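You will see two complexes here that share subunit A, one where it goes with subunit B and one where it goes with subunit C.
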Partner chain A sequence: MSIKKFAVAVYDDEAVLFPAVKKVRSAGYKIHDVYTPFAVHGLDVALGQKESDLHIAGFIYGITGTCTALGFMGWIFTTDWPQNFGGKPHFPLPAFIPITFELTVLFAAVGMVLTFCYLNQIMPGVKKHIFHPRQTDDKFVMVIEVNDTNEAETLAILQSTGAELTETQVAESDWWYGRFDIKEDYEIQQQLA
Partner chain B sequence: MHLKYESIIREPLVDGNKTYHQITEDICAPIERAPSKLWRIGFLMSLSLLGFGAFSIVWEVYWGTGVWNLNKTIGWGWDITNFVWWVGIGHAGTLISAILLLFRQGWRTGVNRAAEAMTIFAVMCAGQFPIWHMGRVWNAFFVLPYGNTRGPLWPNFISPLLWDVFAISTYFTVSLLFWYSGLIPDFATLRDRAQTKFRKMAYGYASFGWAGSAKHWQRHEMLSLVLAGLSTPLVLSVHTIVSFDFATSIVPGWHTTIFPPYFVAGAVFSGFAMVQTLLILTRKILGLQEYITLGHIEAMNKVIVLTGSIVGVAYLTELFIAYYSGVIWEQEAFRLRVLGPYWWAYWGMMLCNVVSPQLFWFKKLRRNVWFTFFMSIIVNIGMWFERFVIIMSLHRDYLPSSWSYYTPSWTEVAFYLGSFGLFFTCYFLFAKYFPVIAIAEIKFILKTSGDNYKKEMEQYEHQDNEVFLQEQSHHH
Partner chain C sequence: MLKQEFKVPKSLKTTSIVLMMIGLLGLIIGAVVLLPGDALAQTQFWASLMHNAIFFLLISVGSLFILSATSLAQGAWIVSFRRIPESIGSMIYVFAAIAGVLLLSFVWTNNTNIYAWLQDGFNPHNSLNALKNIFLSKGFFTFWTILVLVLWSWLGVKLREISIKQDTDTKNSTKLYWRNFNFSAGFLFVFALSLASTIPWLWIMSIDSHWFSTMFSWYTFGSSFVSGMSMIMLWVLYLKRKGYLDVVSEEHVHDLGKFMFAFSIFWTYLWFSQFMLIWYANIPEETVYFQIRMHGPYRFFYWLNLILNFVCPILILMPRPNKRNYFVVSLVAVIIIFGHWIDFFQMIMPGTTVKENWDKPFILSLFIACGFVGLIIYLVANKLTKAPLIPQNNPLFKETIIHIS
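Up next, the complex of A and B:
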């Protein structure tokens, strides 16, 4: 748990968000994150993020599935318990294809989804700070980590990018185990202060 | 910022004057209001049908499969007919979400969520039939390759029946993951809108704590794309493998190489019909006509007329090959299908699957909601007949003393009705508590395919190419 201070800018259209991201980045600020209600194409490029390697993980899981299926069936039919099915060979490769294919897909899909959840740190019971209640609805939220010295200037530059709302929030920057219907201690303290 | 242009010749996919927020409101509204009377009645009816089915299964397990009217020639009867029928229906969802995603068909976004849900529920129903058909169902785990004390003795990995176990369970798992990964961001939307504590908690768990970070969306896009790529061959493999249950047997009428493509086309055909049945009712009851438009219905009807025609060609090819093979057993099997004791099933199939969908060549009928609804039911009756015809073609084998005429017992009929109970119980819960339309995906296509945004594009439509390029190049 690490509670930090953030400058938050809320935009109501991705057409405003893109130039804002560009401006803030070229001014030398490091963007903590941008939250959008749907996948905005090109935003990852605008933020300078590199392409996801998830598909490579998927390929490795798939190959694992292929090898598991072929290896397991081959071992059973040739070594562990060889049986004679109507004089057919002990390693009938064409007849192994259906199960091999299915296990390839199964391993790749299950592995990729688990990797996706791990990388994004999402799971039932995980809670993250929601900077704006409508960031999953129609608002686009840019968040920059600030300290007491640069807070005012960061807010000023965010204001100049056409944000409909700018504010400072003290928030947990990481994920934690929690329920969305219960307010966290730091949120209550912030409200009192 | 690039100009989001799509030709105005293409029909809008979202009607009305929509904004991002309006989309959220429209799709979340049915979830956030109290269930209607119609919903309660429908849900209770489904639940009681499910109960009736469960009773028939208890009866069957207690007395054994002897309570079914299976006999020496008809070993599969209604049970496997229903299995193949439900699996077939379960093909449209993943087809819509995977193959149409790869083909960049924008219209899939309006229907994919409900179609995938339908797929999952249909596969759940399908799975019941072979499981309870095992008779000694407490030994069902024998199909799994686990270390055991019988040698160890393993299942036969070169049997199509075992391939089915792997194919159907993989298909179910992958469809579920694909569906749920799309649901996560939408559950987050519901969570952040929730007014009651319970909803906040429940949708909080369901959304896995999704916040909509840019990096997460990038991975989400990659995940959807790769899952679509994996599901595309998967969807084709599943019904291919189901058809192997028949095609690899050396039985007249079943032993044909045409089965895999013919089964897959039939599966897509019946799946789209079931999507039509469900969505025509859903869009009406939940007031989502602006998201599931006549354009969507027409697009699906085009798929229906295409796959219906493929199935029709397959039926005629089967007859021709039976004649041309010169094998008298094959010829007799097909003569019996057409003119034998089950002639009514054959001609019912022909009429429902081949003849009547041809009406969809008329644009007026393709865009007629109630005609489509009627046809979607006809198609599914036809596709049930198709599987029934194939399974019944064994009613006369090589030994005339075992010839019979099979009719189902009440338990078999009740089991089938029970599967409808299971399907609709799940669908009612889905339609009430889940976003029926993929909210985030509709927002993604809004600016290219929304009615109001398309109208803004009219000014560019007649612009000179040079001028257009000149103006737009400044935005880069």
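Up next, the complex of A and C:
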């Protein structure tokens, strides 16, 4: 957990947000994050984010599912409790394929959902600071980490990009376990301000 | 300025003519060697010709299906290169004529070496009802084949005609766009009743007259879809390499690659569904189809089929960078087309009189396939020169340029 200071800019439209992101990045600032009410196509490219490794994790989960299904069924039907089903071999691969497929999908899906939640720091019962209450509604919020020396100039450049609101917030940058309580979060800010 | 007018490069023209010559040479040699022989030799010749005629017709129809389906879904991504499936589609009548003449000549000359059901008094004794006798009759075969081929050819030409007319239409007019939309819907209706259901039963599955599988048409459809997609991919990459199609970016190629990947798995799913039910039920009159293919002389093709059409695409195309790499996707496209060609080979050959003697038909088929590839390149390249490569008046034109996969 670390409390940091952030410069926050709120935009009304994605058409304003894109040039703003480009301008801020070319001025050399490192953007902490951008919050949008919907998935904005091309924003990841504009932010210069590298490709997520989530799909590699998905492949590993899937292979784990395949191995689990084949290994477990193979062990049961050849070693633990061999039975004769309609004269089929003890390791009937075609009959195992549907179950193997289902387990592959199940492992990949559940594993990727949990990994996605971990990477994005969302989970039931977990709390995260919200920079602007309308960032999931109709506003686009850009957040840049600042310190006392560059605070003023960062706010100035954000102001010049057409933001309808710019402000400084002191907030917890990571997630933490607790109730989703805005008041508590507000009190932390008041103490540190 | 966009390069709009496609001119057939000399190298492409030479390649296509050389390929056609090879095909013609193979055909002539095959005819001279095999046709004077016995029933087996004759069937070897006709079956390899039939294999190629059907395969190249069905993948052309598969390309037209892709065009219609995306037009109906108002998919913008295909607009940037829709002249390619359009050109392939408008050439269907050539392949339809070849396949139609061939198949109808088999039926009307009573070629029982290929279609065993043409024998007098043939009784599909395992059929569940008398409708199969009507379905496998000369009259119905002729009627349905001609009707379907004419509809495919006409709709292929029509879809391209409307799209080209739109280029010179008044700006921002959507009348022709919706006309195209309606014709696409019409084609999909025809397609559902032909390639996706009855035609593979009638043309290919009826070779093994007693055997039947309701999955068969979908499985054939999967083949033709994914090969058609690969053929479009090869054309797109070729034109891009020659400096045309500037509006087609990595994103469009990525989407084509995704379709190749996904529909290879779709094909495998259908293939496996058909196989597993028969394998599990283990009824002799059904397993006889797989006996000759899996354990008999065709086991090499049988496993090669799975490796080329499932293992290669799934492993090579799975990583994202590979779907955006022009060399890798074109390699996989060639593998897929060849793999499904092998698939059709092992569908058609074992049921005819050819049975285990696949060596001569395989070599002959390779030669004839060269001829068909040359023909397809020649015709489609010529067709592409006839109209601007980029349909600029299409309402989805802007959307296709900014497309992100």
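Heads up, the rule we're going with is that the second predicted complex is superposed on the first by the 184 of 193 C-alpha atoms of A that agree within 3 Å, B and C clash if a C-alpha of one lies under 4 Å from a C-alpha of the other, contacts with A are read in each partner's own complex, and residues count from 1 in each chain.
Here is the rule we go by: contacts are C-beta pairs under 8 Å (C-beta built on N, C-alpha and C of every residue); 3 or more make two chains touch, one makes a residue touch a chain.
It should be emphasised that the depicted structure is a prediction, and the values quoted were computed from it without experimental measurement.
By the touch criterion defined above, A:Q135 lies against subunit B but remains apart from subunit C after alignment on the C-alpha atoms of chain A. When both complexes are overlaid on chain A, the residue A:H55 reaches subunit B and subunit C alike.
In the superposition on chain A, A:S160 makes contact with neither subunit B nor subunit C. In the superposition on chain A, A:A95 makes contact with both subunit B and subunit C.
Within the superposed three-chain model, A:V105 lies in touch with subunit B and out of touch with subunit C [touch as defined at top]. In the superposed three-chain model, the partner touching more residues of subunit A is B, compared with the other of subunit B and subunit C. Legend: residue contacts after superposition of the two complexes on their common chain; A:V40 is shown touching subunit B, with no touch to subunit C.
Of the two partner chains, neither subunit B nor subunit C is touched by A:T78. Residues 42, 51, 55, 88, 95, 98 of subunit A touch subunit B in one complex and subunit C in the other. Across the complex, subunit A is touched by residues 272, 275-276, 279-280, 282, 318, 320, 404 of subunit C. Of all residues in subunit A, those touching subunit B in their complex are 14-15, 18-19, 33-40, 42-44, 47, 49, 51-52, 54-55, 58, 62, 72-73, 76-77, 80-81, 85, 88, 92, 95-96, 98-99, 101-103, 105-106, 108-110, 112-113, 116-117, 119-130, 133-138, 175, 179-181. The touching residues of subunit A, when paired with subunit C in their complex, are 41-42, 51, 55, 59, 86-88, 94-95, 97-98.
In the complex of the two chains, the subunit B residues touching subunit A come out as 1-2, 19-21, 24, 145, 151-154, 156-158, 160, 162-163, 166-167, 170, 173-174, 177-178, 181, 184-185, 188-189, 191-194, 197-198, 200-201, 203-206, 208-223, 225-227, 230-231, 233-234, 237, 241, 244, 439-441, 443-444.
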